[in-house]
Structure formats: structure tokens, C-alpha cells
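I have a structure I would like to understand better, so I am pasting it below and will then ask my questions one at a time.
Order as written gives the chain letters A, B, C and D; numbering starts at 1 within each chain.
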Amino acid sequence: MSVDVGALTLRGPILAASGTFGYGTEVPLLERRALGGMVSKGIFLRPRSGTPPPRIVETPSGMLNAIGLQGPGVEALIRDYAPKWAEWDFPVFVNINGESAAEYAELTARLDGVPGVAGFEINISCPNVEQGGLYFGNDPRAAAAVTDAVRKRTRLPVWVKLTPMVSDIGVIARAVEAAGADALCAINTFVGMSIDLNVYQPRLSFRTGGLSGPAIRPLAVHLAHQAARAVRIPVIGIGGIATAEDALEFLVAGCTAVQVGTATFVNPRAIAEVHDGIAAFLGARGLSSPADLPRYLPRD
Amino acid sequence: MSVDVGALTLRGPILAASGTFGYGTEVPLLERRALGGMVSKGIFLRPRSGTPPPRIVETPSGMLNAIGLQGPGVEALIRDYAPKWAEWDFPVFVNINGESAAEYAELTARLDGVPGVAGFEINISCPNVEQGGLYFGNDPRAAAAVTDAVRKRTRLPVWVKLTPMVSDIGVIARAVEAAGADALCAINTFVGMSIDLNVYQPRLSFRTGGLSGPAIRPLAVHLAHQAARAVRIPVIGIGGIATAEDALEFLVAGCTAVQVGTATFVNPRAIAEVHDGIAAFLGARGLSSPADLPRYLPRD
Amino acid sequence: MFLVDARITGKRLVARDMYVITMHAPPIASTVLPGQFVNIGWSPGPMLRRPFSVYRVDGERIEIVLKAVGVGTAQLLSMTQGDRVSCLGPLGHGFEFGAGPRSAVLVSGGLGVASMTLAARQAASLGIRVTWVHGARTKEDLCSESDGDDLIWATDDGSKGVKGTAVAAAPDADLVLACGPNRMLAAVAARWPEAQVAVETYMGCGTGVCLGCAVPLKRGGYDRACREGPVYRASDIDWATLPSHLSYAATP
Amino acid sequence: MFLVDARITGKRLVARDMYVITMHAPPIASTVLPGQFVNIGWSPGPMLRRPFSVYRVDGERIEIVLKAVGVGTAQLLSMTQGDRVSCLGPLGHGFEFGAGPRSAVLVSGGLGVASMTLAARQAASLGIRVTWVHGARTKEDLCSESDGDDLIWATDDGSKGVKGTAVAAAPDADLVLACGPNRMLAAVAARWPEAQVAVETYMGCGTGVCLGCAVPLKRGGYDRACREGPVYRASDIDWATLPSHLSYAATP
């Protein structure tokens, strides 16, 4: 079940998605053997307290979240969590966030070489404060600049997590590939809103939130597929995966691995079930590894 | 329950959405009193046979469709349907589609003045053949050009139906407002894909399809709200509305009216139920019309 | 067309994993014609309704026959007496018996029995002699219920009746009606171009507004299975373009 | 923490529209502490699980108490004996009884009884004298079951017991435990800053990984209701920032 994501070999094709697995210390029921790796909750340089409640809202086959990247800051992460990660038998990627390319660079420099940190997942769905709050992920130049800034500070794998709210994900994918990304993660949540009719206001205190869960899966499969068609580096599919069949859709659509997020809230054993289901699917068809799956991936 | 969409007064705030109501002749169970208006299936100048099956796939709380704008062409529409519309007590908008601004203009010129045609809904989620297949709806200039071309050919109301797969819907909204749109319809379907693991190919013969239904509602509320914040003209909310509460979310988020699509497949009486539910909600709060609803609409 | 809040009144096994569900839907029971279907929804359940042929009518009740092939059919089968479903129908254009046929052969594969019972009864009431050819993979998959004057069984493995397909086992007749997997229907079309066949497609609405149920026609273009169909003259269909993997039955 | 495929074994009415559901969940029954909760999911059903306090333990069974306030609770209440739910728990940090309190007052509003029974029993087993103050809008909304040495009723309309709120009707004691709508708990905090209160938030995971269940703290920042809570020292919470309209109970 091992897969190669660029130069890195994962023991299985499934990772836990950022923000849905904390720092990996709180998931007692999951059999860790099923984890190909995990991505930490998004981290900023300095501690952040996050947004006031309500932070989540359920929607049809999905949920909106606005956590506001609550977290302890990079120093506490290095002190409290990295030492544990260094002892685990799967790689931990740190999901890094900033308000400017310089902040991403500083975070990378601080984390590079820390035992336990296996690589970086750049979250480009952050507002670029220097450019009036436009998201890095919506602008190929800003996305490439952030990637480049991180790339220059580390030899560890650098993954870039794409934002879905763009008119052509291929343009962004190619821009960050050219800037040195080792892999792409597609996709982050979609921006959504839900209104509380009792108070005529958004239900989330932050007003908008990110939509995740099965509702977005068909959109995510499409976007991951479009990204995979646009680049030569591996693409890691994310969005609404709850079963092995869901994960297999992403793999057949051109992804090398997948991440599972919201489904683990519903079923703490989801990752193990997806893992075992993929193994069973491959076994029944005489395929020895996920890389042997027939791909639907016409090149543009 | 009447609402003003620009200069046009609708007897109620709910319209049937394009492509989900045919030409209005096939919905025996719906009480038509509940219809504020309807938008016809998308039409091209010439007849089109549409895409081969499978054309639809169910997804979590939604469906993908790739009908391929099957339709009889404008002449047959004028001959077979417009005379019926002319006798109905609610306005019928024609959803117009083209491969160039000139085609939209020609369609408008042909339909303008035909009894039964109350106005136009421009579908800008079409590939612009002159620009290598980029969607009109993704490019503010192309969207404005199409709007302008239609505007010049008619004095009837011109609505522009926005595509959701853009990084800033406000930019497109303002561009088509400036080009003379009377109202905006937000939003059309999101592009999605679903893979058939038996054949390692997309389930839809067209490969991708448009995602509709409750799954997209939180995204649609957000995008309609963003559009409403960006412009002064009315916005008609669309996307995943199945109940009165769903419709009210769009109205509170700044919309003047709404369209209901996929929900009518599930419940042929959906539009009447949404209508009566809104009336009950308003009644219980002593509000006399949808325009009296408190709005959540901070201006940028 | 009626929208009925239908109470489930019973369930019986008619072949391996194959059940008949009975529901109380008076206006549909009193108007449905052979070959027509109902579109059934329930909550909580899948978003879209699920189409099923009306198998039999019993007073104010209608019956449908099904196996669990996916999430929707599995949920339907787990319902118990008293549960309610929303039943929309009758829908579509069914079989036609024309003027004066003297003999009819009904060819059904697996769950294709679904639209045959009403047709057999209607034919009988018109004085037509009915031969029903039941095909299935093996003995256990053959529906234990049938109508008609003569009955022929066909199984792929020869465990009951003729070994081979129902199409091969069927005699000729004035009228040929068939229902089963689309691939079986293509074989019917090759042998009897004038046969009437009930096809399957995915459906969005079931009422003619979404164009999701496209049936490709030999003369070009598409019909709607839910309005012009689901019953077609076999030779009218472009079988190469009609997806065959939607088949819900076990036999070819 | 266990993930149990729990069979529903019974349901009983304990106040107007308010039911106790019993389910078979041995490992949870044998480990749950007062104030802890379970997160329940089922299929077909809403996507997210729904959190419920464990109301009582009866051998290998646990009980929860609920009203239909939305789609999930309505579905749970429509289940019948033998249906199965997925039950995750015990979750959260419950009430603490510290060293040597001699008296305890339990203040519950409406459905807030949910986390009080286990607490009452635990207190009794520790030799603490328990006074339970039940509040509700009106007589019919008062839960018919209770534990403890003394019982005080309070209704908004005075139809049973003291007229007014449960908080106003309650005596002082060494230990104050409270559960009910967040607004009631704010009143508890004003009167007894040291009280232990079980709060409610929306929950994503229930296991500490999503940070969705943020409880705003007086000292700044947020705790997780599903890990550090749901029971807090009343004075630790920033009541102005904790949403009050999540309340699931009828009384203020």
C-alpha cells in the first residue's frame, strides 16, 4: 500500500488532513497503522486564540467551520509536539500560514531541521495582508512567491495546498510547481455562509466559514483532477472522502495519495476503514499497489 | 408576497430555475399561483441534441448534470412555446446561450418583442469559442461584452446569471451591472466530477457536470450575498433551495427573489411549499412583504 | 400523475434477495397502465427519488419488486409495515397492445419481471394468449410468481428450464414485450425489431423537465425515458449509445 | 473512549415531549462519569454526530433524555427498539466532587436534568446530602424522574412548586452543580461563581481535534467543551461571548 509522493515514500496513501486531527495526540480509537502520514493543524508564527463561537454549522452533507487558525504558535509547537512526532512511525507535515511571504519564510526557517517535522504544507488560502487581504491562493504570482520563499528555506518536502475558489486551478498549480513545490494538495475548503433566521445574521460569528465534507466531493475530484492534468508533480486529493470508494475516485482521477478530514469526526475509524477498503479493492483486482490503478488522466 | 425586481413586479419571490422546469408545460402537480415567474430551459440559436447518457449522477445532497443544453433552437421555441407563455399569468424569462457575444445578440434580437417573452436571463457559464473556450463568466470583460450586446438589442429586463467558479464574484457582478444588467442571478452550478470505479472513467459521458442541490446551498448563499454587496441592482438567489427557510436565508443575505431548481425534482410541489412557508414566516412576524425582512447586507 | 404519501403494507420474498413491496396508493393503483412506473422518495434517504415499475395492483395497493443494489434500494427493503414513502406516479408511457394481436410473448430477465405482470394481465384481458419467458442467472434467481398461459424458464446455468438466455428460449408471437437489463434488450432488438422494450436510465425528475433520462434514438437525438418511454419500439433505440452498465438485473 | 454499535432497547416519556431513550452500550455504561456525554450518529441521518449527556446507567445500558428540537433529535425519537446507533463515549470532563462537601444543590433547567441524575447518585454515594431544584416553563415540562434527598420544583408560571426560576428557588450548599440553557447557567455564575456548570456548544468531533466547540474563557482564549468541558467552574467562562441561543431547554 506504499506510495511515493515525489522523493518521499509513505507507507500508505492516506493522510489525516490539517485541522481535523489536531497535533495527532488526541485520536485514541484510530489504528495508527493505517496512517500514511498526517498534517498538523495550521500554524502561525505567533499564538492565535481563534474566532469566537459559534465556529461550526452543519449543512447538507457537509459543515462550515471558522476556527480562525487557533493555535499555540511555532515555539510551543516545537516544544510540545515536535518531540512526540519524532517518535512516531509516520511523517508529520506542518501546515504553515502567514500574512506575507516573509512570514511563511520565517516559519519555515524556524521549523526546518526540527526533529519530528517531516515537511511543509503551505496553506495559501490565507489573506495576503500586504495586498489588501486578497488570498494568496487566488493569484498565481502571490502563490508562487510564497512557495518560492518556503522552498528557499528548506530541503524538506514542500507541499502547496490549493484553494478551490479560482476560475482555473491549473494556472495556480503550474505557478507553484514552477516555484519549486514537491507536491500539490487539492483542495482546501470552499467559502460558504449560513444565516440564522432568528437573528437575521450569519450563524458563524466569523460570518463565513469553510465548507468540507461529502457535499464538496464531486467538486474536489474535479479540481484535483484538473490540477493533476496541469502538472508533473504528485497531487494529493482532499475533499469529502469518507469511504474507500471515495478515495479511489481521487486516485483514479490522477491523485497519488489522499487526505481525510471531516469524515474522521463522524467516524473516528474512518482512516483505517478507507485504508483497508482500498487494500481490499486492489486485492480483488490483482493490483499490488495504488500506483497500479488505471488512471483517468488525459493530458491537456 | 409581491417583489420588485428592478422595474418588474413579480407576484411572488420564487421563480422556477432554468433547466429544471422545461418550458413550463410539464409540471402538472405544481399550483401555479405560487410561481412568481419562470426561466426557460437554456436555448441556443440552433437546435442542439445534447450529450449522450449518462447525463446525471447523484452525489451527497446533490446531483451532477451534463445535459448539454439540449433544445429545439430559437425558431421552434418561438413557434411552439412562446404562444403558450403569452397566455400565462406570470412572466417567462428565456435563458440565452451562445458561443460568442454576437450569438447572444442575435438570439436577443430574434426573441425581443415576441409575445410571451418577458425578459432574458443571460447564461454566461458558456465557453467563449472565440477565446479558446474560456467561460464568459470567468472574465469580467467577456461577461460585460455579452451583457452589453444583449442590452443593446432589447428594452425588456436583462438578467445575468453568474457562474460560481470565480475568485471574486463581486468583480464580475460590477462589470455586468455597468454593462446594463437589470438584475443578477446567483448562481449557476459548480463544475464537478464523479468516477465510475467499474470502468475507471467519469460516470457522466460528458466527463464533468454541474453540481446542484442542497450540497451547494452554503456556497450559493455566500456568493449571492457577495454579489448583492457589490452592486445596487437586485440579486436573485439560486442554489440548493428546498424549503422556505432556505429561501429566507438568501433573502436575508440580500437577495430580492430566488429561483428553485433541483428541489422540484424531489418534490414537485416544492415551489408552492416554499411560497407558503415564506408567507407564514412573514405573517408570524408581522411583516407584510419579503422586502420588509431585515437584511444582513453590510456594504463594502 | 399523483403524489401520494403511501403507507407500506407488506413485503414478500419472490426469489433470492428479491422482494415485492406493497404500498397503499389508491389513485395510482386505479390509473396505472402496464409498463408505467412510480418514482419513490423518502426521508431520511437519498436526495433523488428512485424509479420502480409497478409490478402488480391489488385493490388500492400497488406493488413493486426490487433487490438491494445500492443505498436507496437497501433502505427501501429495510422499511417495515407502516413506514411511509412519497410515491409519484403513474409515470411514463407504457406498453401498447394495438389492434388484434392473437399471441404475445413476454421476455423478462431477472428483475425485468417488474413490468411484466401488469402487461400479462392486460394482454389476457384482451384475449391475447400469453407466453412468459423468465430468464435469470440460476434457479434461485427466478421469480416465483408469474402470470400468463404458458411459462418458459431459462437459466444461464441450466439449473431450471432451458439453459441459455430468455431471448433464445422465447418463441415468436404477434406481440413481443420485454424488460430486463439493457444488454438483454439489445438482443431482443436484434431478433424482433418491432418488439416493445422497457429501458432503464438514470432519472432526475421522472416528470419530463430535466432531460436527464436521455434515450438515444436511431434517427438521432434523444427521447426522455420518463415521458416518451420507458417503453420503446426496439428498433427505434440506438443501442450502442444507451449505457448498458445501468442494468439492475443479474442475467445478460 | 469506546465506539459502540448500540442497540436501542427502550423509550419512555418523562415530561411533555421529553423522552428517555435506553441503549445497550456496556463499555460506556461501565466507565461513564457524571457530566460526561456520548456522541451519537446513525445512518441514514445527519452527517455529524449529536452530543447527549448520559442521564442514567442501568446495568449494561445507558440512557439519554431528549426532546425533538431539530432533524436529528426527531429522527432519534422515531427509532424503535432494535434499531442501532453508533455511540461514541464517554466523552468530556465531568463534575468533580472534591474533598468532603457535606451538601450539594443540583440546579437543572428543562432538559438540563440530563446530566444531573448521575451526579445526584454519585453525590449520594459519597455521603453528600443532595437537594435537586428542577426548573421548567410549566408543570407539564417538569421531568417526572429525579434523585436526591430533597426536591424543589420551580416553574415560570407557578403551576407547580415555586413560581420563578430554578436558580432563584435554590438554597445554598457546599457544592453547586448546574445544567440547563446557557442563559440559566450565566445566572448560576452570577450567584455562585464556584458552581460547576455543564455548558453546551455546537460540536464537530466531540473528541478534541476540530476546535469547533470553543468555550470562551474569562482569562482569554478558548477551551474545548468536548475535552476540558463540558463542565466548568462558572466563574471561568466569559458568559458574554458564549452563545446563548444554542439552548435546548425551554426555561430561561
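Everything that follows uses one rule, which is that contacts are C-beta pairs under 8 Å (C-beta built on N, C-alpha and C of every residue); 3 or more make two chains touch, one makes a residue touch a chain.
These numbers were taken from a predicted model, which means no experiment stands behind them.
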item	value
Co-neighbours of chain C and chain B - touch as defined	none
Length of the line joining the C-alpha centres of chain A and chain D, rounded to whole Å	36
Centre distance in Å when chain A and chain C are each reduced to the mean of their C-alpha atoms	46
Between chain C and chain D, centroid-to-centroid distance (C-alpha), Å	52
Chain A and chain B: spacing of chain centres that average the CA atoms, whole Å	33
Sites on chain A at which at least two other chains make contact	57, 61-62, 213-214
Residue numbers of chain C (touch at least two other chains)	none
Chain contact topology (line, ring, star, complete or other)	ring
Chain-chain contacts as defined at top	A-B, A-D, B-C, C-D
Contact footprint of chain C on chain D as seen in their complex	44-45, 75
Complex contact set, residues of chain A against chain B	57, 59-62, 64, 135, 138, 165-168, 190-195, 197, 200-202, 208-209, 211, 213-219, 221-222, 225, 240, 245, 248-249, 252-253, 281, 293-296
Chain A partner contacts - residues on chain D that touch it in the complex	1-3, 41, 46-49, 86, 88, 201-216, 220-222, 227, 241-243, 245-246
Chain C partner contacts - residues on chain B that touch it in the complex	19-22, 26-29, 41, 49-58, 61-63, 65, 67, 70, 196, 198-199, 205, 213-214, 262, 264-269
